[in-house]
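Note that chain A is present in both complexes that follow, paired respectively with chain B and with chain C.
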Partner chain A sequence: MTTVLAVISLVFVLLRLSPGSPLYTLLGFSYSEEGRAAVAERLGLNASIPEQYVRYLRQLAGGDLGASVFSGQPVGELLAQRLPVSLELGLVAGAVWMALGILAGALAALRHGSPFDGLVRVTSVVALSVPSFWLGLVCVLVFGVYITGVLPVSGYVPISEGLPEHLRGLVLPAFVLGLPAFAVVARTFRGSVLEVLDRDYVSFATSMGMSRRTLLARVAMRNAAIPLVTVMGLMLGMLVSGAILVENVFGVPGLGQLMVDSFRRQDYPVAAGCCLAVAVLYLLTNLLVDLAQLAIDPRIREGVLNGGRVR
Partner chain B sequence: MSAVVSAPRGARLLPRDGLTWFGAVCAALFCLLAVLGPSLAGDPNATGSDVLAAPSLTHPFGTDQLGRDLLARTAAGTRVSLTVSLAAVALGLLVALPLGIFAGYHGGRLFDDLIMRVLEIVQALPMFVLAMFVIGLSGTATAHLGPIPITMTTKVVLLLGVAFVPYFARVARAATMAETGQEYVAALRVVGVPRLRILFGELLPNVAPAMVVQAFLAMALAVFAEGGLGFLGLGVQLPQATLGNLTGGGTGYLPAGVWWYSVLPGAVMLAGILGFNLIGDALSDSLGGRGTTHVETR
Partner chain C sequence: MNDRQATGSPVTDPPPADLLTVSDLHVDYAGRPAVRGVSLSLRRGEILGLVGESGSGKSTLCSAITGVLPAGARVRAAGLRFDGRELTELPPEDMRRIRASRIGVVPQRPMTSLSPSTPVLRQMRWYHDGHDLADLLAQVGLRAVLDRPRDHPHRFSGGQLQRLLIVLAALARQPDLLIADEPTTTLDATVQAQVLRLLLDLRDRLGPAILYVTHDLAVVAQICDRVGVMYAGRLVESGPVSQIFTAPRHPYTRALLAALPARTERGRRLGAMPGHTVAEVTLSRERGARAGSAGCAFAPRCPVVLARCHEEEPTPITMGTDVVRCHRAGETPEAEEDA
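So, the complex of A and B:
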């Protein structure tokens, strides 16, 4: 909660500190002193900064995010349009790629030193390094110029126009967006499985005659999952930054595109609303991560570790 | 993570595996292009009649819509990218190191909590969003802070540098806390060595390896962020070529099959990011500096 308040305040301060003003963009060539005063009055920009801040907080508390300076459309409505698009893209990309990452990481760790292990190591470091917008452009080039007609490279097909078409449109953006998540998950999980397999309790379980399969499924993977969950939570920031760039490349009308547009036009309320949405998403993910850790690790449940993070 | 861990500190300067060599070569080429490229490849802003020409012997990277040589422009962009990234990482280290070392040495709850809170807020707004936010709203023109002009390049450096501070500070704090527990620190205290001397003469060299690892990983991040901002048109502005605005500038010509305009500058960026990441990885394996991301000891 304090984090949300801090983010709101930070956003507010940055908005008001920045030298540009939507007034100029809005009025454009028809700029005149009277026109400026009228618009400033309408947008409430004449009040003192603390007054504006208090009013902004009061509006937020009432669930009112304000309206776009340009279109007059309520910010809440805009977010309701754009957020689901980004969420779907992020969830599809995240789920598929993270699952692949877990699989690749686990297999690489179990075959430590094998060619497959090497392959996973190389793939993940390359995947982590490729700038998403560049990879997106390469995809646009390949599927837009050389291999045409297989996958759409631009635009967004709403689900109302049929599920297959809708999913086909998601393939490329999701592929590009999720790749870094794959890399991080594969690397982390490979590392933590290797570490767990080295522990005394694993040797002990083996010497007690526990079968390899049970050992892996019930002991090793569960312990190795603890750092993984933390890292998956941190991945949200990466997905958000990625979404801004990837949505731009593929012309997906999601939150990222809304954000870039609102920053370019200095549309205060929309920009603030987007940042707020990101911050709330982050907090929700953190909550989910904490709950997942409770579910995985009985030591946290019992409070043995005083609520501290477990290695 | 592998057998390298058991190697004694600093025993080996040359990497043993091929991947790290590859990374070192990538990073070296990136830096060479930045340092020597602009003087060898000619004027990045000289226009020519050969418009949108495919890569050839005279123009190895092809030309753009004004007939400018893209190799020269890529070299100029690489220089911007390297300068901005180095400056941002240096700035971040300069601010974060003293903060982190003091916080780790004193272990004071207040200061500790403050750093953690700031980190939390910064994480709730990803670095890239924050940078875009400030640059998008303050405009891409040169701002003035009193008599000091703040160019776009400075803005990008400041933003990235500031965004690195909490991350660096956290690593420095954790490394210092681990060192403070060692006996030699207590011994130095008993002998009466001044505190600043302990901190910066004795502790700093032991905290440095962890920071070097972070610095390389941050370099990779900075090259990416600078490129991303440039791509969105929110980075260093034209006519100065940057890797980001070259990649972004070519997008309009992609459907016509002009692949070299966007793809080649982006590939140079990839080489830089990959190089710095691989070096950072190799160093963290041999110096053991990574282990603070999810092994939080409070």
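So, the complex of A and C:
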């Protein structure tokens, strides 16, 4: 809750301190002093900044996010339109890529030193060092200019117009968005599986004649997953920020696009609403990670039960 | 589970063939030798003590027998025979079956030998699902574990875990070969005595061979039939306990025995042995770790060292029931005095 308030305040202050005002964008060429005054009055921009701040908070407390300065559309409605698009993109990208990352990491560790291991290591370094927007532009170039007609590079097909088309549209954005998550998850899991395989408890289980497969399932993967959960949580957060770039490159009408637009036009309520939504997403992710860790790591569970580590 | 009971012969039988024969075993960790040319054998019903300072390769030797070594380790051996089968040539599945039923290993570090993310009792049932679990736990004074089905390893003390591992690897499994790597280090004197009694009882009932690693020479004197002394990866001396405790031939063995508190009768006799006091043969670890490759590894610390010891590594010499790696092993104590 404190975090949310801090985010709101920060966004509010930064927006008001930045030069320019929505009034110029809004009035455009028909700008005049009287017009400005009238609109400013309507939007409540004449009040002092602290006053505006208090008013905004009060409004939020009542559950009202305000309305777009330009279209007059309520922010809540805008978010309800855009958020599911982003969530779908993020979850598809995250689920597919992280699953692949876990698989690749585990296989690389089990075939330590093999060509496949080398491939995974090189791939993850490369994937991490390539900036998303650049990769996005390359994809646009390749599929928009050289290999046309296979995958759409821009625009968004709502699910109402057919699932296959809808999914086809998701492929490239999800690819670009999820690649870093794949890299990080694969690397982390490879490392932690390798580490776990060298532990005393694996030696003991082996010396007790536990079969390799049982050992991997019961002992190795389970313990190797503990650090993975934290990393996956971080990656989910990264997907949220990555979405802002990727949505703009591929023209996906999600939260990221809305956010950039609103900041560019200094549409205060919408921009603040977007940030709020992102902050809440982050918090939910964190909560999920903590719960997952709680479920998997007995020592953390202990800590929480003893009142140690409750966030 | 106990179909092997018939094959275990009581100790009183005439000595049968060796159950385990290790010949010229070498183990390297990433090129650094940890065990160098160790040969030993173990009969059914026999307890072989393994002593030697920290880092001398005792645990590595134990792990090499069952083939459970970390990824960077390399094993080389002229032979590793268990019950007539060459373990180094066994397909992995056969080796796994031998581990699962015939060889038990009590690991050295109880605190880290169970998976931290699964309750202890559930892990015990992975390995032993019999109805007699309560009984076995009661034998080591841990029946209460059954009332703690959800407790993970970190909730147990080192001594409790150690006893649980003894239950799993020794009492429940009843192996033909038991390898126990310092199985009582975390136990207090009374519990240790109780555990030792259980092991002796197991030996008397089922006649397994036991390889018992320890730093405690009093325990060796108490339970072992034979003892092997390791120094810098080599087995420098081995033989019957009575022989080694009364007439040790290797200077390192003598140093070890001289360090025994002189309260037992045996100890008093040894304390009176002429020549070497603990102070003379300081057990300095650094020098031991640097043990040279050319000559005898013990030469830098040896009180009776000869020029030859620095140049030429002694080969094992059999002297009666004793096997020694020392250039001076053949000399009489009087000759040593003159040196």
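General remarks:
The rule is short, and it goes like this: the second predicted complex is superposed on the first by the 300 of 311 C-alpha atoms of A that agree within 3 Å, B and C clash if a C-alpha of one lies under 4 Å from a C-alpha of the other, contacts with A are read in each partner's own complex, and residues count from 1 in each chain.
Keep in mind that, in the parts below, a contact is a pair of C-beta atoms (placed from the backbone, for glycine too) under 8 Å apart; a residue touches a chain by one contact, two chains touch by 3 or more.
What you see is a predicted model; the values in this text were computed from it and never measured.
Once both complexes are superposed on chain A, the partners chain B and chain C fit side by side without clashing. For chain A, the partner touching the most residues, choosing from chain B and chain C, is B.
Using CA centres, the angle subtended at chain A by chain B and chain C is 80 degrees, rounded to a multiple of 10. In the superposition on chain A, A:A279 makes contact with chain B only, not with chain C.
Once the two complexes are laid over each other on the shared chain, residue contacts for A:R218 go to chain C alone; chain B is not touched.
For the pair chain B and chain C, the minimum alpha-carbon spacing after aligning on chain A is 9 Å. Chain A residues in contact with chain B (one complex) as well as with chain C (other complex) do not exist. Listed in rising order, the residues of chain A touching chain B in the complex are 2-4, 6-7, 10-11, 14-15, 18-20, 121-122, 125-126, 128-131, 133-134, 137-138, 140-141, 144-145, 191, 194, 227, 230-231, 234, 237-238, 240-241, 244-245, 248-249, 259-260, 263-264, 266, 271, 275, 278-279, 282-283, 308-309, 311.
By the touch criterion given at the top, residues 1, 19, 117, 120-121, 123-129, 132-139, 143, 220, 224, 227-228, 231-234, 247-248, 250-251, 254-255, 257, 259, 262-263, 266-267, 269-270, 273-274, 277-278, 281, 293-296, 298 of chain B touch chain A in their complex.
Taken in their complex, chain A has these residues touching chain C: 112, 197-201, 203-212, 218-219, 222-223, 226, 296-299, 302. Against chain A, in their complex, chain C makes its touches with residues 63, 66, 68, 70-71, 96-101, 103, 105, 107, 109, 112-119, 126-127, 152, 154-155, 165, 168-169, 173.
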